[in-house]
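Chain nomenclature is as follows: A, B and C, assigned in order of appearance, with residue numbering initiated at 1 for each chain independently.
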Amino acid sequence: MTLLVARDLRKTFAGGVRAVDGVDLAIGAGETLGLVGESGCGKSTLARLVLRLIEPDGGTLAFRGDDITHLPERAMRALRRDMGVVFQDPFGSLNPRMSVAQLLAEPLVVHGIGDGASRAARVSALLELVGLLPEHAARYPHEFSGGQRQRIAIARALATEPAFLVCDEPTSALDVSIQAQVLNLLRELQERLGLACLFVSHNLAAVRHMAPRVAVMYLGQVVEEAPRESIFGAPQHPYTQALLSAVAEPGQARRTRIVLKGEVPSPADPPSGCRFRTRCPRAVAHCAAQVPALVGTDHRVACHFPGTLD
Amino acid sequence: MSALLRVEALSVAFGKTEVLDGVSFDIAPGEVLGIVGESGSGKSMTALAMMGLLPPGGRIASGRIVFEDVEVSRLPERELAKMRGARMAMIFQEPMASLNPVLTVGEQIAEVLRHHRGMDRRSAHNEAVSLLKLVEVAAAERRVDEYPHQLSGGMRQRAMIAIALACRPRLLVADEPTTALDATVQAGILDLLRGLRQEFGMAVLLITHDLGVVADICERVVVMYAGRVAETGDAGAIFAEPGHPYTQALLAAIPRLEGPIGTLPAIAGVVPSPADFPPGCRFAPRCPHAIPACEAAAPVLRALAGGTQAACIRAEHAA
Amino acid sequence: MAGKAPGALSRLIAHPSFRWGALLFGIIVLCAVFAWWLAPHDPFRNNFRTRFRAPDETFWLGTDRFGRDILSRTLHGAKVSLRIGLGVAALTALVGGTIGALAGFVKRLDGPLMRFMDALMAFPAVLLAIALAAALGPSEVNAILALSIAYAPRTARVMRAGVMVVREFPFVEGARAIGASPARVLLRHILPNAMAPLVVQQTYVFALAILAEAVLSFLGVGPPPPTPTLGGIIADGRDYIQEAPWISLVPGVAIAMTVLGLNLMGDGLRDALDPRLRTAIR
């Protein structure tokens, strides 16, 4: 069964910024979808929309087959038991005045799960799950390093045994050596707990490691979505190709870089037709006239002239 | 060729806490040197010490910094200020924080030109436009009269580079210049730095946590860990045959766009903070190859067969 | 971050202006609390034979026109003034703090509540307090009420600003994401992290209230005679300022010292709790 389905999701912020502008997503139970894009593409807004941390302006959202687009606040709060989220900033995402035990038990308290003793046991189990020690429970967030805090944030997100986890740039603020630890932990937990996951990142290589399916966003829309092997092996959209070519990796021969013209246009006033056309090496007049649809079955791409590079 | 900049056994301390311990390296004229390390490695502190911009409480405990045969570490603040900006310029990670929000980009470039090169208003403005063109800002004539908030992140960093270039410095210190930028924008900035350096023979000291950036642009690399140099050598050698277990582990821990997918070889433990640096080799507690002798004494840099120099007594066993 | 960082307390104690302020204020509070023991004379007892005595060995700081000991009256007056200051600081924290917190958290309430606070702020606080105190009638409780109404808007503003800053912190979104109710988000996550500026503000309100209470008493709309208040004693000496300056001078100095002590403490608190300064230090 498809766990989460978003149809034509839209969000416009003050000033007419169309942060998310018609996005379709589907994540099956136990599946991980990677979401990549550069700053301002709307990926973090999309992550908040599917959790209804911000309200969509259009489109529908279904969770376990039920339409939750307009689910009342109270019912939505109850549903959050089945959804977890890990944010980017390991320093700002934990209340500095709560101990680790309080932080991990809070989701249980909020949803009325268990009593004092069973919650304490659950806190210990959660700490162990994310590779921390039981004695860490009495400490406060400031006593931990960035990587350890992110482990605490993961434990908190998993406290109520959710079926769906959103990770918004979970390792972007971490050191390289710590990033690998956290990515490994997330992978292991995903498999062990059968979690469905939306993994949002600007780091293409991290997404490749985490997600068997990847969607690429540009200016509020998904431009390409495909299995990992296709996205990284045979990308069809010129934006995906440019993004991949820009990644600098040590010990690799430098890729032939596809330099994009100009700057990302304002999301308040996106270009007509294909939004990428102002920067696209393949753009022709037709691209300005007609919006390319995201078409395909397994490998979907929104481009009038899709094709691999050779 | 004599070195443009020499850092000799530099130690920097805050009170009793030593954040840098015996750091040595040099930069030849026109060379691009990368200093790479994680948080707490001391890479940024090294740059600040070179510029005479250590935060309050920090002091050079021992060692020397020699720039163009002048001992910078002994210069009085006024002399240092004259040299800073003119001979040696610096750009930072967050261009928005370094730009004055109430002055146009042109005014900020012109200010440097008038101060350091004694230009008049008109010629400073014209030079500002040509500097913006030099750093490949499109529509430079228009951009020169815009305020920092009107520019994108990449544009701002280009404007910062233009300010840094105003006095044709011999050395550009770039502290995480692309960390806040998107990959496609970062690629453009790195291309620009590479071009400028070829055009003017300006040396670049690039400080970053990103090994990919180092591989992209640097000729030589200094790998720092916990306030010390762990390994140094030509970029090619460092990436092909890293000798220090830390360099090896760091390279292995990066997720890649190609190759197998699965558990990443992570480095156990955490990066120590300066207050509790371990004794002996500071990487020893996290090192899979460590033996008791590693904790006995701080290892010194020594040449390895792979072409690099590493501060590790176990390098031959780690290969 | 607005949270209590490790060592906030030790930094506070190490702060020179906080230390001096706390010392000064502490001495004044002790003097006021133990006024009945410390005062050498009965502050209420009239004695026409000792009228307008200049400071001497019996009356260390002189006497007023009823022959009452100024030192004793000042000690007792400080007690009343501090009580009013504390009352105002507590009441504005409660009422102003609640209004500010609601305005900062509930977008719907922000406009109406703050419009009302702005309307109150449009009047000079002291003038407003005088008018209210005059309307309510002279008494200690009414002085507290009048001053609290006059100063609550400032506290509300500070609280609202604090809440609005903390509201944007990622952990607040995180609390919503686990399904926490709005009340829980406000009480458990936002308020504990938004108290620091309020605490600082209330030390200033305390000081302002003492000054304003002196004005009320000076004008005769404070606690009625013979209750000694610092402002009241100053008013007593008003007509004899040439011949017996000590009558007004002594309570004047007491007010100045109290306000100085409170402000120094407030500055120390502000520095120790200020999130920006703190990150700059670390």
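One rule holds for everything that comes next: a contact is a pair of C-beta atoms (placed from the backbone, for glycine too) under 8 Å apart; a residue touches a chain by one contact, two chains touch by 3 or more.
Here the structure is a predicted model, which means the values were calculated and not measured.
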**Prompt:** If you tally the C-beta contacts for A-B and for A-C, which one comes out higher?
**Reply:** A-B
**Fill in**
Relative to chain A, largest Cα-centroid distance belongs to chain C
**Asked** Taking each chain's centre as its mean C-alpha position, how far apart are chain B and chain C in Å?
**Response** 52
**Asked** Can you give the whole-Å distance between the Cα centres of chain A and chain B?
**Response** 31
**Asked** So how far apart, in whole Å, are chain A and chain C when each is placed at the average of its C-alpha atoms?
**Response** 50
**Prompt:** Can you list the chain C residues touching chain A in their complex?
**Reply:** 1-6, 169-171, 173-181, 184, 188-189, 192-193
**Request:** Quick one: which bits of chain A touch chain C in the complex? Just the residue numbers, please.
**Result:** 48, 51, 53, 77-81, 83-85, 87-89, 91-98, 106-107, 110-111, 142-143, 153, 156-157, 159-160
**Asked** Can you name the residues of chain A that touch chain B in the complex?
**Response** 38-39, 145-148, 175-181, 183-184, 187-188, 202-206, 208-209, 228, 232, 242-252, 254, 257, 259-260, 262-264
**Request:** Mind listing the chain B positions that touch chain A in their complex?
**Result:** 38-39, 138, 152-155, 182-188, 190-191, 209-216, 239-240, 249-251, 253-258, 261, 263-268, 270-271, 286
